[in-house]
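These are the structures, in structure tokens.
Look at the two complexes coming up: chain A is in both, with chain B in one and chain C in the other.
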Partner chain A sequence: MTATLERGLNALREQIDAPVASFFSSCVSCGLCAEACLFYRATEDPKYIPIRKVELMRRIWSREFTLLGRIAGMFGLVKNVTDQDLSDWETLVYDSCTMCGRCTLVCPVGNDITMMIRKMREGMSAAGHAPVELIGAAQRHTDGNSPMGDLSKAIQAQVKNAINETGIEIEFDKPGVDYMAILSAQEIAEFPDVLAAMARIFKKAGLTWTIASDAFEATNVGIQLGSRDVARKLVQRVVDAAERLGVKGVISPECGHAYQALRWEGPNLIGRAYNFEVIHIVELLDKLRAEGRLKTKGKNSQRVTFHDPCQINRRGGINKEPRRLLNMFSEDFVETDDAGTFNWCCGGGGGVGANERAEPLRHQAFKMKKVQLDKVEPDVVVTMCAYCHHTLDNVFEEFDMEQEIVGLTELVAEYLDDDDAGSGEKA
Partner chain B sequence: MNNEAFDLLMWARGPAFDIAIIIFLGGIVLRVVEILVLGRKKDMAPPKGNPVGQGIRTVFSRTSPPEGLVKFAPITYIGGYIFHIGFFIAFFFFAPHIALFEDAFGISWPGWGRAIIEGATALALLALIALFYTRISDPIRRSLTTFDDYIVLILSALPLITGYVAVNKLFGDPTFMMALHVLSVNALLIAFPFTKLMHAVTFVMARYYNGTIQGRKGAES
Partner chain C sequence: MPNKPMLKDLMKTHGVSRRAFMKYCASLASVMALSPAMVPRIAEALENAPRTSVIWLSFQECTGCTEAITRSHAPTIEDMIFNAISLDYHHTLQAASGHAAEEAREHAMKEHWGEYLVVVDGSIPIKDPGYSTIAGISNLDMLKDTAAGAAAIVSVGTCAAYGGVGHADPNPTGAVAVSEIIKDKPIINVPGCPPIPVVMTGVLAHFLSLGIPELDELGRPKAFFGNAIHDRCYRRPFYDKGLFANGFDDEGAKEGWCLYKLGCKGPTTKAACATVKWNNGVSFPIEAGHPCLGCTEPDFWDNGGFYKPLSVPSGDYRRLGLAAVAGGAAAGVAGGLLAKATKAKAAKAHETVDAHDLEKSS
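Up next is the complex of A and B:
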């Protein structure tokens, strides 16, 4: 596989569609996207203005997809995109953008700049200008079963632990159950308590579930790297397992881009709708709550705030659900400024967290979130993305912040009312 | 001497204007077709929200600024609003302009008073000066600004300036100033499809697409 400039340019050309053309046609370089960008705001360096990050794609569009550009091109008035350009743009496209989507919400003409970054990465990776960590993760995941390497033994061990802890059976590869759960590598390696939490909540709700031994991992580095081939392969793995097991649905875990990959990009990657539904774990919990199948007892008196993962709220539409769940048992739930759709990113999304050279910039960018957290002074920060959790753990340590960080599913399980004989005990 | 100015005015609002309108309309059609032929793939993810409804809503809702952001770019926001509204008022509610529409399309509406029209024109011009100022003074705007942006600012200012001068007979020969006014409008029309002025048409598409993409996911836009 040779990664060449021509391949990169072709990949970029392929990404240019009517929305992209309408976006570039509409940009009046007002620069308001800068004010929405955590990397610009934290550094005030104009090179981080979001729309500048997709400049090379704009040049290709202008040069090849507009009449005037083509004429100007014939007279040599437009610069072609060179390999050096792509190389120069690598850090802008991968290190200083978490694809958080704030710019997309503020652009006065409505440009979805985040989507264009996603597209831009297709060209960058095809031309061989992607961070080595993402390339390595893609290799490990497509060759094996997770971006972190072989986690098949780890998942078996964690499931066994959860069974021992809860006394509830969790069966691998069980056909005909309601849901197939997938987990993020981060959860398996770092936050495995979510398994016991799910087991208890689902048992109480009378919901049956399983884990596929050949498709237990939910992350999809393909959409961070910008490789439809990688992304398609990883989505296909989950789809094959779910359809083989004949489940009603797949539960997307507390992981931002995993939800984005399977729920929104997946059907387009494999070219068809699935034979099952994809539901985010927090959507499912909220649904169970609404149906009276999830009840809590006791109250949490700690000061709790919620960190919205960009890909799940702003880019994923799950906003009220976590708040309804938190309000079931929180006595002191406080929102930060801009909570919900306009929440600031933790700084680790979109592959930035895996990218070592981006670390200093990422720490600087966390400033935006830190100011908000410092203002509400919570005891606990709750989130619904294991990678946000992981990133916050790291930056909290870096900035000597004492707050505890908890995944929402785990917290719900902590307050789960599983005493009364309730709604069916199928599992 | 007045004859030359009169001839120029007649040419500007006669053949020159016709050509400008043809380029304007033809250019817009070309640019819009250029965008639409690229198409977009059908989205196969089952929608959670209502993509089309939210797309249409976003065309309008994106007109208001996101909460709390105005203070970070006050000149761009406030200047932007004042310019657009002022230009719109001067263009659509000045009685002689309405008479042109009536001649061309047979439709008319009540004009607004001189004071409002001139106030709007002056404010729009001041806003353009402020917007120009941010383009050269603010690091964000300066780093993004291209030749095209300056052209667009100048082309938008000229009809306002010449119109104001001609109507108020501030200086120069009024007929000649009126000819300049019409010529500046012609220049604006001709440049429109091939510069960033085109955003005045394509923003509808961009906002719509943005709304459908977010709306499919049940996310806000």
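Up next is the complex of A and C:
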């Protein structure tokens, strides 16, 4: 089996359902989605208007799913989708959309354009029009244990480092504990400090946790690639491990699409509900805070702002939690314009960050966020997504911006009050 | 015909002064909004015209139109009868009855074949001719018979002009307008329930002096039906200011504000009510505090309710709506099945995507 046009078109047909049909029939071409789009606003190029990015899917819907379209198709009034069309649309669907969800939020008739891009990618990838980097990541992840290749040695080493640093034991594959933590490859490779941070916070809160040696990877390239078959396989690994270990919950790490994959798409992909809860790390920290199991000491006098990851805030619903945590120890917390659900994307989500040819466009798109950051002039930018962190690191370097970028879990651990060894501790 | 008395001779016989006659012509011109220069032409035409024979046919009607026309103030029907026309058949007004009455009609038709004017009030039942007969002759036959030799037909009242109340849903008698039956004669529609008396007599006078007046797309003389009541209504300034009566006894009603929200059909109704008014120019429905029913418009009975504002959907929307819903549902089901089949076929054709076959072979 290889990627063919027919397989791609068939995948698109499979994706067209009642919501898609109602979205296409109810679009009034008002253009509000254009104004909401990172890439359109940064370039003012009409080809980046969100609803236009799913035009090929609309054409298939119109030609094959509507009576009038079928008749029009017979007279050649609606053109067939060709392989050339898919080639032409490849950069629009993969390079100029981070699936940030802003267009969906502003659509006056409630069309979920983001979901349609996700569906459109199903057809593109099945037809062989996915970016090579994403295909490579999918191969590495399905063959091994991470999109970066084999990270099993790396995770063992990072855990050992964290144990040495904190003096707290972290056990692999321990059944019956409260939570199973999964991590983003980006964290394992680039920001491993989060392991020590989690160890200290959870120890203080009296919460038990483990890491599965065969399912520690949280990212799911199937979501970015747009392949349910790949995504299902990767979600299944985590579900199998969690159910084997009999944990109460799985902690989704600071990673946007990992949360999207496991929390929201996962049950639909595997076709059933989980036997455990999925909780985002920041959600969990805020829960511990509310229960009095997470206390901080000291104050951060730096000017701090927060960057909302699209998949966790706008598309994930976690908005107030990080702010409540930041307010525990920040003396000078400032919000950028549009902070919260209308936040501008960092430009690296949805697989765009991994896509090399998209780099110039990605840098151009960062302009929207940059204007807002420049306005509040923070010392530190805090976020809760390792990939936002990674992307901001890169663009800050590109634009000579001096600010420090920190993951929220690490920052909370920095101010964790764990001197008083008695309260909340089990052992 | 030499034995036909000319109007000016008749005037002499009846002691009508030249001055009175000119006044009559002037009032006629003003009612029809004609230029004063037309007065001498009307006078000349009327003076030199022989009295036209008029046959008035009453079908499915309530006699309201006849009641109204006998209350015309200028020109009065008496003026008309004595000065301008010869009303040879009108079964409500004539003294004769039975065979004598029908004989009068037949006689007038024979005498003035091709020249007489037929006035009709009431609709014509065509479902079963037996629903309405006169002297054993069905309305349909009598209309066809009489119209054959007519110079023109005037349909007075909304029943004759557009079917009126008889034609209203569910139309048990199959009532239709004159224009549905007679296709080869000029027809002037003078709708209203009843029409304003002066409008009826004015149209007759116009026909006698100047011929058939200019008509609008619904066959109505533009002189009387050119403007919407709303555009000539003395309450229009309140509409423009957004001041409305919301009930018949509220502050707005007492203040005399616009009746739009109480269902006034003035904006869509063309008639002379707001300018000519009724009862010798005393008043008209809106002035009396009641919204216009729209009685000069076709199917005004079925336009969704007299007290429903125009902005609320009206007309035959229920039946149309049901048909649309049923049609839409059928099309939706058909389209849905089509789409479902396409999707099911696609799902069947699904090849599981593996990370290693995401590249094209070539």
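Brief remarks on what is shown
Note that the second predicted complex is superposed on the first by the 421 of 427 C-alpha atoms of A that agree within 3 Å, B and C clash if a C-alpha of one lies under 4 Å from a C-alpha of the other, contacts with A are read in each partner's own complex, and residues count from 1 in each chain.
The rule we apply is simple: a residue touches a chain if its C-beta (ideal position, glycine included) is under 8 Å from a C-beta of that chain, and two chains touch if they have at least 3 such contacts.
Source: prediction; values computed, not measured.
Steric overlap between chain B and chain C is present once the structures are superposed on chain A.
In the superposed model, A:386 makes contact with neither chain B nor chain C. Once the two complexes are overlaid on the shared chain, A:205 sits clear of chain B and of chain C alike.
In the superposed model, A:32 makes contact with chain B only, not with chain C. Once the two structures are superposed, chain B and chain C can be ranked by residues of chain A touched, with B on top. When the shared chain is aligned, chain B and chain C each come close enough to touch A:66. Applying the stated contact rule after C-alpha superposition, one finds that A:46 touches chain B and leaves chain C untouched.
Touch criterion met: A:17 reaches chain B and chain C at once.
By the document's definition of touching, of the two partners only chain B reaches A:105; chain C does not. In the superposed model, A:177 lies in contact with neither chain B nor chain C. When the shared chain is aligned, chain C comes close enough to touch A:138, but chain B does not.
The single stretch of chain B with clashing C-alpha atoms against chain C, selected from 63-71, 99-107 or 153-161, is 99-107. On chain A, the patch touched by chain B and the patch touched by chain C overlap at residues 16-17, 21, 65-67. Residue ranges of chain A in contact with chain C, taken from their complex: 1-4, 7, 10-11, 13-14, 16-17, 21, 64-67, 70, 125-126, 128, 130, 132, 135, 138-139, 141-143, 225, 227-230.
Contacts from chain A toward chain B in the complex involve residues 16-23, 25-32, 34-36, 40, 44, 46-47, 49, 51-52, 65-68, 104-112, 115, 263-268, 271-273, 277, 313-319, 338, 341-342. Of all residues in chain B, those touching chain A in their complex are 30-31, 34-41, 43-46, 48-49, 58-59, 62-63, 65-69, 72-73, 76-77, 80, 138-146, 149, 152, 194, 196, 198-199, 202-203, 205-211, 213-214, 216-221. Residues of chain C that touch chain A in their complex: 331, 334-335, 338-339, 342-343, 345-347, 349-361.
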